[in-house]
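Next, two complexes with subunit A in common: one pairs it with subunit B, the other with subunit C.
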Partner chain A sequence: MSTPSVDKKTMSRREYMKTYRKTSRLKEMWDVFVANRLAVLGLIIITIFVLLALFANVIADYDTVAIASNPVDRFQGPSWKHLLGTDEMGRDIFARIIHGARISLRIGVLSVLVGLVFSCIIGATAGYLGGVADDIIMRVIDIMACIPRIVMAIAIVAAFGSSEFNMIMALGIATIASMSRVVRSAVLSVRDTEYVEAAKAVGQNTPKIVFSHILVNCVAPIIVQSTLAIATNVMSVSSLSFLGMGIAAPAPEWGCMIATARGNMRQYPFLVIAPGMAIFLTSMAFNLVGDGLRDALDPKLKR
Partner chain B sequence: MIRYIGKRLLLMLPVVIGVIFVVYLIMYLSPGDATTTILGTSWTPEGAEAIREQLGLNEPFFKQFFTYLFHFFQGDLGTSYITKEAVINQVRISFPNTALLVLISMTLAVAVSIPIGIRAAVKPNSFFSAFTTAFALVGIAAPGFWIALLLVLLFSVKLGWLHASGLETWKDAILPSIVLALSFMASISRMMRSSMIEALGMDYVRTARAKGVKKHRVIYRHALGNALLPPLTVIGSYIGEMLGGAVICETVFAIPGMGRLMVNAVLQKDTPSVLASVSIMAICVAIMSLITDLAYAFFDPRIKALYMRGGKSK
Partner chain C sequence: MEEITNTNNALLEIEDLHIHFVSKVETVKAINGLNLVVHKGKTLGLVGETGAGKTTTALAILNMIAKPQGRIVAGRITLDGEDIFSKTEDQMEGIRGNTVSMIFQDPMTSLNPVMTVGDQIAEVLQIHKKLSKAAAAKEAQKMLETVGIPGARSVEYPHQFSGGMKQRVLIALGLACTPKLLIADEPTTALDVTIQAQVLELMKDLKDQMNMSMLMITHDLGIVAEVCDEVAVMYAGAIVESGTLEDIFDRKRHPYTEGLFNSLPDVNNRTQSLKPIGGQMPNPADLPQGCSFHPRCEYAMPKCSQEEPPMHRFSETHCAKCWLYENTDQCMLASQDYVPSQGVSE
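This part shows the complex of A and B:
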């Protein structure tokens, strides 16, 4: 806080805040965010899923409950012992879904981070340098944008194999095209501001200017875009696994569970509905929070 | 205008070559060996070497790429490793199915979402508007393959009205196009709604209202014309997502289209088919985005004027 020294002497910090700054910027954003009831709902859903994923091993053991088959308990309906019933191998569906949340959230978040790192480098370079460099970089991005996201991910996974690491990289690379455009336009909007000019005049080097002056002020659109990208990537993870190109069968991946349950869909539709509901809720929650953040962080971005 | 179109067409060539290059590079870098896929159990070192020689796999990367590119533009997409058939023949069968599917769902999405968006904008606080928001949320957040399975459960298993797979009669196209149209509908109706709300707040709309123009006429005559532009021109940019959705849709409904061609090729490690299907889909996206840009220039007088005076393209 850059509190003027005169004030510090005469009044406490709380008093100072009361007199001069009615609300902090963060508090203001939080108020806008909370006023959006749907965004709060999204945040609650995400928190629940994250907690379930974190404590998945405490709630139900991975090897004995989520993976080991238990033929006696096949196709049971919901009960207190099995909250969401059991599947074709007698495994508890609730346990599998919360372990699946681990996989989906991990890949979803990490892949976006991978895409984010690449996009920030690409977008910031293009936006900051401008001119020929910008033209060349953006033409390459145009080319990448021509390949549909999921098709790109499938192609990469097909070429390098479907390990979890490869999926994270594939989905990350697939987000570069859209994300780096967002970063670039954000960088363009702050590139010519006075504080950047001041930093240049003081003689700071280019990386310092880009990271500590420009990118810091592009955080709002980047956060919004990343949140929405997590929603897409969580869906893409299960789509890839559903197609048989992602996480393989015994693992409790949501798309994978649906693919397995499909054979018995006529008699036991619930086996398809439950994991799909988990995908839907997660993706919806990230979408809602993304929209809420958009309104809270940057009113200009409002659609 | 003609000069502009010509220029854009010329600019598309490097994009198409670039797309093929990216896909070719990904496939080239893959650690797998094509000969094991082609020969299968009858693999011998000598046989593998002969195949490598025959396919030119021992050549340097750029020579391979340019040979492929050269053949690609002549319509020779290589031979499938699995069926030993020319890939172009598979594409010829698959492409119309995907094109039809995308076309139907696009029409469906536009026909449904534009009126929905208008209504939600005209009555922003109604139940209908809230319903539209909820509907859009489902369309965006629910994975396509799941919706597809749920619809199959309802319409084929429970009610027995429609087939669960295949593309034999026109009825079989109903479920896949609904699934494919859904996420698209969500985005367009959202966009139409916000664009219409914006248009209704414009000065000329207020003027029209002040003049005493009938409410109906204000909405459909004054506001709609301007509000339609953003959602209609964005359609072209959704084609990529639609093709991506088609991949999943075709797999669930067992429709022999480009997406299923690609998925099967990927699962069987049939590189020439993967290359061809991904490249063709990407080229479709490139062409559609060109058409969108042209349509934008054509429909929006402001942009048209820019090009008519020989202005710079962005």
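This part shows the complex of A and C:
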């Protein structure tokens, strides 16, 4: 190490960072993340899907290519013209997949965000207050957890109608049970640490302690659980649509595509393989990224 | 209960404090009739074994006893003229960190691992001094420099500091709002000896600079001799002897205090073997009758197991709670008073 010429006390933050720190915290996290090959693979897959979803309209027009039927081109195998072939209405499957990615990712991510907001409030309240409040809240959550999440989602969608907003809310609520338990247990493990006691001893108020000291230290398990939940919810969107409770038929939803292709899947397997792979790849990618993030976000983990 | 000293210049006064922790199975009597006074600008050393209730006392001063298990059964704490237990939680938040702040025992776990140290210090300043974010950050850097850490390192996270530096960060955190009383809960237990001296020296200097009082909680008599003006010896949730540093070190009266000193090596008499206090601290859920120290006391008399001894006053500053002094002021212990004229170096 070369001796820096500047006096430590007079130098600015920026100079200091340059002189003494080879890497910033973000760079450090990124390095840990990149070291995990599978996580990078997951990130690449997610990036591809997100880009395809963002530029779906540029790649293939929604109304003319993904929706309009073209009976002449029915059941064509994969070719350069139709990368993944065409379906029973002669629509390009690749175009439908990328438009389907929009629906799946949007609902998957938004529903988890909805669930996350509720879970953080519920889990943090239960974990921080403890005692009777904890007992009451967690028993209600236990009751929610008894109902399988897909059944819960079906019930909500059946009651309120199958719009995209209702699906987001339904899947979000179905996420609360498992997510708030994770939040609660993380909060419990952080609540009694000395730095929380110290924060209290310097006069910090309770909401601030919960949000800026406790929840921030719970991000690792929450992020892992969230990415897992995105994966599950992406599958749930497809499951609901497959059952006819979600996004309705002409829309290029992956589960919906599998449902309509079921009749012809023996002769034309590519009809179900493509959307099936899309579902599989997205949920796997989110799981891998979640794992990588967990390692990278741990502040105690030093290279 | 008798007043310990005159209250004119007292910053902190604890009167007849009783704290119990109640569970379904048992009631743990952590603090039993504790009396304590910290004077303005002075350092009081609170000495005692593990489990004597030192930390509970500290938390009580901050009104941070864990409820609902922890119950303040009786007593009063007056800090800077205000009754702590009559305060609401909101009012307490204004007092904690501002009038009184605490340095915790373990520097390794007392800092939030996902916040930069600068932000953690700035947080206190934002709460109490209502500084803007930028001003607080600047002030935080200054605080770090006061404790001997380059201000530019305020952007770093706790794991990038060594143990001694973390303890200094905690000191900076505790002193950020120049409190009137600083409670230091065994601030050097987690540090190695070389750093201990540095940290103690620093605390002493800053205490003098800021003209505050300090409550030094420790089980290390060496630290007491180093930094304290007054000493209170605590056993099973009550003060058994209190006085000035000289009172306790040179004219100790209580058998427990004698026991504490006997379990330290004597530099002048290296052949003497250590004489630890036999037995264990009594179970606070099942305290013995009478004097709580009598089962371990060499001087125990029949009376000790029946009645609790009163506080006996030897001088303006010095008092001890023991039946040995029922009728006399003379020292009744085997160890004799230290007489300075014999010229033994300290």
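Quick notes on this structure:
Convention: the second predicted complex is superposed on the first by the 265 of 303 C-alpha atoms of A that agree within 3 Å, B and C clash if a C-alpha of one lies under 4 Å from a C-alpha of the other, contacts with A are read in each partner's own complex, and residues count from 1 in each chain.
By definition in this document, contacts are C-beta pairs under 8 Å (C-beta built on N, C-alpha and C of every residue); 3 or more make two chains touch, one makes a residue touch a chain.
Since the structure is predicted, the reported quantities are computational estimates derived from the model, not experimental observations.
Contact with subunit C, but none with subunit B, is seen for A:203 once the two complexes are overlaid on the shared chain.
Contacts of A:213 after superposition: subunit C is touched, whereas subunit B is not reached. In the superposed model, A:144 lies in contact with subunit B only, and not with subunit C. With both structures placed on the common chain, the touch criterion links A:193 to subunit C but leaves subunit B unconnected.
Set side by side, subunit B and subunit C differ in how many residues of subunit A they touch, and the one touching more is B. In the superposition on chain A, contact of A:131 is made with subunit C only, not with subunit B.
Contacts of A:242 after superposition: subunit B is touched, whereas subunit C is not reached. Remark: subunit B residues 14-15, 18-19, 22-23, 26-27, 29-32, 137-138, 140-146, 149-150, 152-153, 157, 190-191, 194, 240-241, 243-244, 247-248, 251, 262-263, 266-267, 269, 274, 278, 281-283, 285-286, 289 touch subunit A in the complex. Looking at the complex, you find that subunit C touches subunit A at residues 62, 64, 68, 89-90, 92-98, 101-102, 104-106, 109-115, 123-124, 127-128, 145, 150-157, 159, 170, 173-174, 176. Taken in their complex, subunit A has these residues touching subunit B: 139-140, 142-151, 154-161, 231, 235, 238-239, 242-245, 255, 258, 262, 265-266, 269, 272-273, 276, 279-280, 283-284, 287-288, 303. Across the complex, subunit C is touched by residues 8-9, 11-13, 15-17, 20-21, 25, 131, 193-195, 197-206, 212-213, 216-217, 219, 299-300, 302 of subunit A.
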